[in-house]
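One structure follows; several queries about it will come next.
Labels A, B, C and D are assigned to the chains in the order they are written; within every chain, residues are numbered from 1.
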Amino acid sequence: MYEAMYRSRRLDDAVLAAYMEGKTPVFHMGKGPLPGEMHQSFGQEPCAAGVCVHLGKEDAVGAGHRPHHVAVARGVDLKKMVAELFGKKTGLSGGRGGHMHLYSAEVNFFSSGIIAEGMGPGAGMALARKMQGKPGIAVAYIGDGAANQGAFHEVLNMVGLWKLPFICVIEDNKYGVSVHKKDSTAIERNSDRASAYGIAGEFVSGNDPDLIFEAAGRAVQRARSGQGGTILELETERLHGHFIGDSGGYRPDAERKAMKDPIPAYRERLLADKVSSAGEMTSLEAKVQGEVDEAMRFGRESEYPDATEALKRLYA
Amino acid sequence: MYEAMYRSRRLDDAVLAAYMEGKTPVFHMGKGPLPGEMHQSFGQEPCAAGVCVHLGKEDAVGAGHRPHHVAVARGVDLKKMVAELFGKKTGLSGGRGGHMHLYSAEVNFFSSGIIAEGMGPGAGMALARKMQGKPGIAVAYIGDGAANQGAFHEVLNMVGLWKLPFICVIEDNKYGVSVHKKDSTAIERNSDRASAYGIAGEFVSGNDPDLIFEAAGRAVQRARSGQGGTILELETERLHGHFIGDSGGYRPDAERKAMKDPIPAYRERLLADKVSSAGEMTSLEAKVQGEVDEAMRFGRESEYPDATEALKRLYA
Amino acid sequence: MAQPIPAAAPGSERTLTMARAGREAVFSEMRKNPNMFVIGEDVAKLGGVFGTTVGMAEEFGASRIIDTPISETGFIGIATGAAMAGMRPIVEIAFVDFIGVCFNQIYNFAAKTHYMSGGQFKVPLTFMIGYGGGYNDAAQHSQTLFATLGHVPGIKIVTPADAYDAKGLMASCLQDDNVTVWMVHKRLWGLGWLGFPLPKALATVPEHDYTIPFGQSRIWRDGGDVTIVGLGLTVHNALQAAEQLASEGISAEVLDLRSVVPLDREGIFKSVAKTGRLVVADEDYMSFGVTSEVLAVVAERDPTVLKAPAVRVAYPDVPVPFSRPMEDFCLPNVERIIAAVKSTMKGKK
Amino acid sequence: MAQPIPAAAPGSERTLTMARAGREAVFSEMRKNPNMFVIGEDVAKLGGVFGTTVGMAEEFGASRIIDTPISETGFIGIATGAAMAGMRPIVEIAFVDFIGVCFNQIYNFAAKTHYMSGGQFKVPLTFMIGYGGGYNDAAQHSQTLFATLGHVPGIKIVTPADAYDAKGLMASCLQDDNVTVWMVHKRLWGLGWLGFPLPKALATVPEHDYTIPFGQSRIWRDGGDVTIVGLGLTVHNALQAAEQLASEGISAEVLDLRSVVPLDREGIFKSVAKTGRLVVADEDYMSFGVTSEVLAVVAERDPTVLKAPAVRVAYPDVPVPFSRPMEDFCLPNVERIIAAVKSTMKGKK
């Protein structure tokens, strides 16, 4: 899990640096080698690592507009993913998708930019496995804000009704852009909404990889054993703004000061608990850093697609 | 309450008879003096009467595709309403609306034909009263099937969040067209979904006008006193098909046989409890029948609008 | 290009309603393809509000004919995910008027996923949708909305005008690996509750399977003076108008688009270039609609082929009123088409 | 009809971005009308993702500047009901791409309620919506969708091309008793995060209130050889193209539609009748779009005024690709407009 978290973090660090190139002095989202909106995952890595580690090749994962940590934890090819962020022809979708629309058929992964839009397709992949009599479950990631979108309600009712092997992971970072959860959501815990759909609901506090791992294990077990769906609500932390360029000025200072970065904390725990030695840790980190550097170089140096490719692949 | 129930029933009887004119031998929905889809309220009259009796002029009511009993209980002008069903120029909307789109600004009433579409507008009327510092609450009627539509979730979350003086009445007749509630809804009681929105939920079984009256009284009291919204789920009975022309062949015979008509039962109770005498009852019924006959005659005899009116009133 | 219909093998034909013909294609494809299933409201126990799936639950069982809650965004999303995972869903939305509650899932996700994924994921999903008015179902159950669906890229849209096309176009949709929409006018269908269908909507339909290419219009009637373009029900209005016009010595060609997307631009232009006059009849709203696009095709290819201004006989830009005289006034009927044709013939004679 | 802009009272002008000018109209109407309020995502604490409501929460308080959950169907329905009950809501939907999740509440209820109620209920509701691409925001955040909103009846739609029109059109929307949509191209707006706006999008804006009639196009530049119709950002592309063409001796008239609905059909036809050539530049998808309707206007009024085929410079019928070279290839840019104009001039001279 630490590896997946660390890989996502180093990727976001590298992407952040590359993103800012060419966007100064006057910030312009459309300039530079990495243009467009960029929603990063700083602080939310445990939610991806702790869940995806339970998944196998037959399972499916859908993410939303903030997909990097989930894609990384799911094992999406890092080079192709970075190339897609750069809009290169070697990217996952040859540059057609971009940061919010990462698709990797290899690992049954997709993401999309409209709030809660991935809920149905995720549940549909679970239904397909059920209909085909194949093993495999589906996980869809949404944010706390997305839980107030109609699709959430419609899909989870069918998940309960048809006992689909489906997990809705809610990453509760307490904000939807600038709107705090208490100003958007009538109740404290979205996991309590599970009772409206006859499915299980679990809440994990503390953004703790180990606790997330355990709760996710229970949810995956329920799904695999035919006991149906789960709302897995994970308390987490959005360490940066909503997207690069958002200073997050709407957040109280106290709240910001109180923010904890889960990665160093987890690293210390692993060392303290002697799960791995400082030496192993540093060489792992070096290896991951190497992969990220390599992926960034690959993305940068790959060619852009031919402009006329824009008109292709509309239909299969 | 009995009067409102009886009026709605006699209206539906008269409408049913007029509707069948010109539609035989081959049923054609578009033929005859009363064309179009026709969703009647046979059996659901208590849900309207028991709730609307608590409402005053300042309150607002929204109904769905099955609006007759609600419109009648709300006190929509019967003649204008019937004229609208006939598509006449004397109708509520001069014939532009029709059976599913009954609007009466006089009594803050509207209905609409898209499932759960009236939830938001209903809650918005409640918000307007709150913003204007005026008294008044809003009630929106939906069916059991509509509780699985996204609008239900989105609106009730805001009702809970903003403590709007709003009541969502769910008429649970166990069917959405041909689909039984157990095949559409993951849990037994939609009123239990109130806990997902921090509002009150009450279920009333038996299609009993007096029990509905009491529960509605509590819900209205909560709304008026600033305690916020309620899901008021009322068990009821759809005595006929989904619309005229639907034989309801998908319903088990046993279930059909077990259906009880709430109106004669309530009449007996009123007599037994000496709430009113047989004499009073018959004269009341005669009076109501007279009104309905008069309204039907008015609707029939009124003129059709000029065809070119179709192009007017697009904009205010 | 517009093509005549190939004749069916003799003896293998029956006269069917569009409902039965379309259903026949669904049965046939469902039998061939175990990954195909039907999902929507009232498709199992009821057999579809419009009878599209009568008898299917009995043959294919509840696991392949799935009644849903009234949750269009939800089940269209689910169908899309299932399609991405190897299934071939058929989604029924009884009335096109309802797409507003689920449009995002259609145009932002289902229609774009093949493109956005660079071809990694296919979405072989077919919608069966009813549309149209003329039976007093008012503003929320009488719309046509071809252009609403046609304007957003990634969706193929067809609408048959008779039983032969109903079966062939349905088969084409079900065999296609993209998001396809099979739309049929409620009054052509042959529903239990809208009386008898128009005689011309019935057709002799071969028992064997056949498909009709997308984007291929159909010439129902040859003519030299004017081209009347229609689709769905307006094809029949146009045919009636053409007959009356013939008695007045005006020779009208009737072109049925059959596909809204892809649109048979060559077929349209070829016919108008021949006749020199254009009338377009469509029950969808006028502005930014099918009639707009058809006129634009001629204006951008060669406006000089037009001997007179083109005329649109579309639904005016107002909601559908309930009252019969008002609705009849708005519909693109035979009288309006005849008047339109005559206006294009002014001066000539 | 197209009209020149009235000059503002001397001394009462400032040069503003469209964002500030539009906001100025909102502030002014909000002050005049206690029943007016703003509702949408991130409008209060953040002041709008696009800065549309900066400073408003401070002046008008949380009761009139309302942050919502991400529940567009819900809060648009709520805003509609509030409007029916005497309020005047302003609803922000940051990206037009999102209308798919709430379209039903817009076209089936809000837009039709005045009509369906026979005029009993008014719905004075204004949407503020951003649109457009060109900054690599990909398929779900770069669309324009004028025609998607314009095709359904009951909605008035405007889109300003400079700060003067931004204020005047906003005031017209807020004073209107119907559902109105004020749409602005993100790259014209003057957002914090899209660099500097185009210089021509800035304008001297009077401090006093003023309105601009719906359905009145604006001639930005007179010309005799060809009419270039644009709206929003494409007006500026057209102006740049016109300058370059002038240096080559081609005199282009640039007509800004300003309103999508109602459309200034007279204004379009008058200009094309004068110049005899038509190019339409629009960032919305081509088919069943704004370009279709503009060409249709000419084809149905008098195609003989066209000395050459009309040309559409629209967004092709594909989703917006993320990668820069692909998106740039699809956008209706200056080069494409110049090439289009030249194709209409072929033969001439």
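One rule holds in what follows: a residue touches a chain if its C-beta (ideal position, glycine included) is under 8 Å from a C-beta of that chain, and two chains touch if they have at least 3 such contacts.
For clarity, every value in this text was computed on a predicted model and none was experimentally measured.
Visitor: Taking CA centroids for every chain, report which one is farthest away from subunit C.
Guide: Computed centres place A farthest from subunit C.
Visitor: Distance-wise, how many Å sit between the C-alpha centres of subunit B and subunit D, to the nearest whole number?
Guide: For subunit B versus subunit D, the centre distance works out to 41 Å.
Visitor: Roughly how far is subunit A from subunit D, centre to centre by C-alpha average, rounded to an integer in Å?
Guide: Each chain's C-alpha centroid was found; their separation is 35 Å.
Visitor: Could you state the distance in Å from the CA-based centre of subunit A to that of subunit B?
Guide: Each chain reduced to its C-alpha mean, subunit A and subunit B end up 45 Å apart.
Visitor: If a residue has to touch 2 or more other chains to count, which residues of subunit B qualify?
Guide: Subunit B, residues with two or more chain partners: 91, 93-97, 101, 112, 114, 148-151, 153-154, 157-158, 161, 183-185, 314.
Visitor: Can you list the residues of subunit D that touch 2 or more other chains?
Guide: 68-69, 71, 73-74, 97-98, 100-101, 104-105, 108, 115-116, 138-140, 153-154, 317-319, 321, in rising order.
Visitor: Looking at which chains touch, is this a line, ring, star, complete or other?
Guide: Drawn as a graph, the chains make a fully connected set, so complete.
Visitor: Which residues, counting only subunit B, touch subunit D once they are in their complex?
Guide: So the residues of subunit B in touch with subunit D come to 60, 62, 91-97, 101, 103-105, 108, 110, 112, 114, 117, 119-129, 131-132, 138, 150-151, 153-155, 157-158, 161, 313-316.
Visitor: Which positions of subunit C touch subunit A when the two form their complex?
Guide: 35, 37, 63-64, 68-69, 71-87, 104-105, 108-109, 113-122, 124, 153-154, 156, 177-178
Visitor: Would you mind writing out the residues of subunit C in touch with subunit B in their complex?
Guide: Within the complex, subunit C touches subunit B at residues 41-42, 45-46, 49, 67-71, 73-74, 97-98, 100-101, 134-141, 187, 192-196, 316-319, 321-330.
Visitor: Hey, which residues of subunit C end up touching subunit D in the complex?
Guide: So the residues of subunit C touching subunit D come out as 73, 97-101, 103-108, 111-112, 115-116, 138-140, 145-148, 150-154, 261, 263, 278, 285, 287-293, 295-296, 298-304, 306, 309-312, 317-319, 321.
Visitor: Within the complex, which stretch of subunit B touches subunit C?
Guide: Within the complex, subunit B contacts subunit C at residues 26-31, 35-37, 84, 87-88, 91, 93-101, 112-116, 145-146, 148-151, 176-179, 183-185, 245, 250, 304-311, 314.
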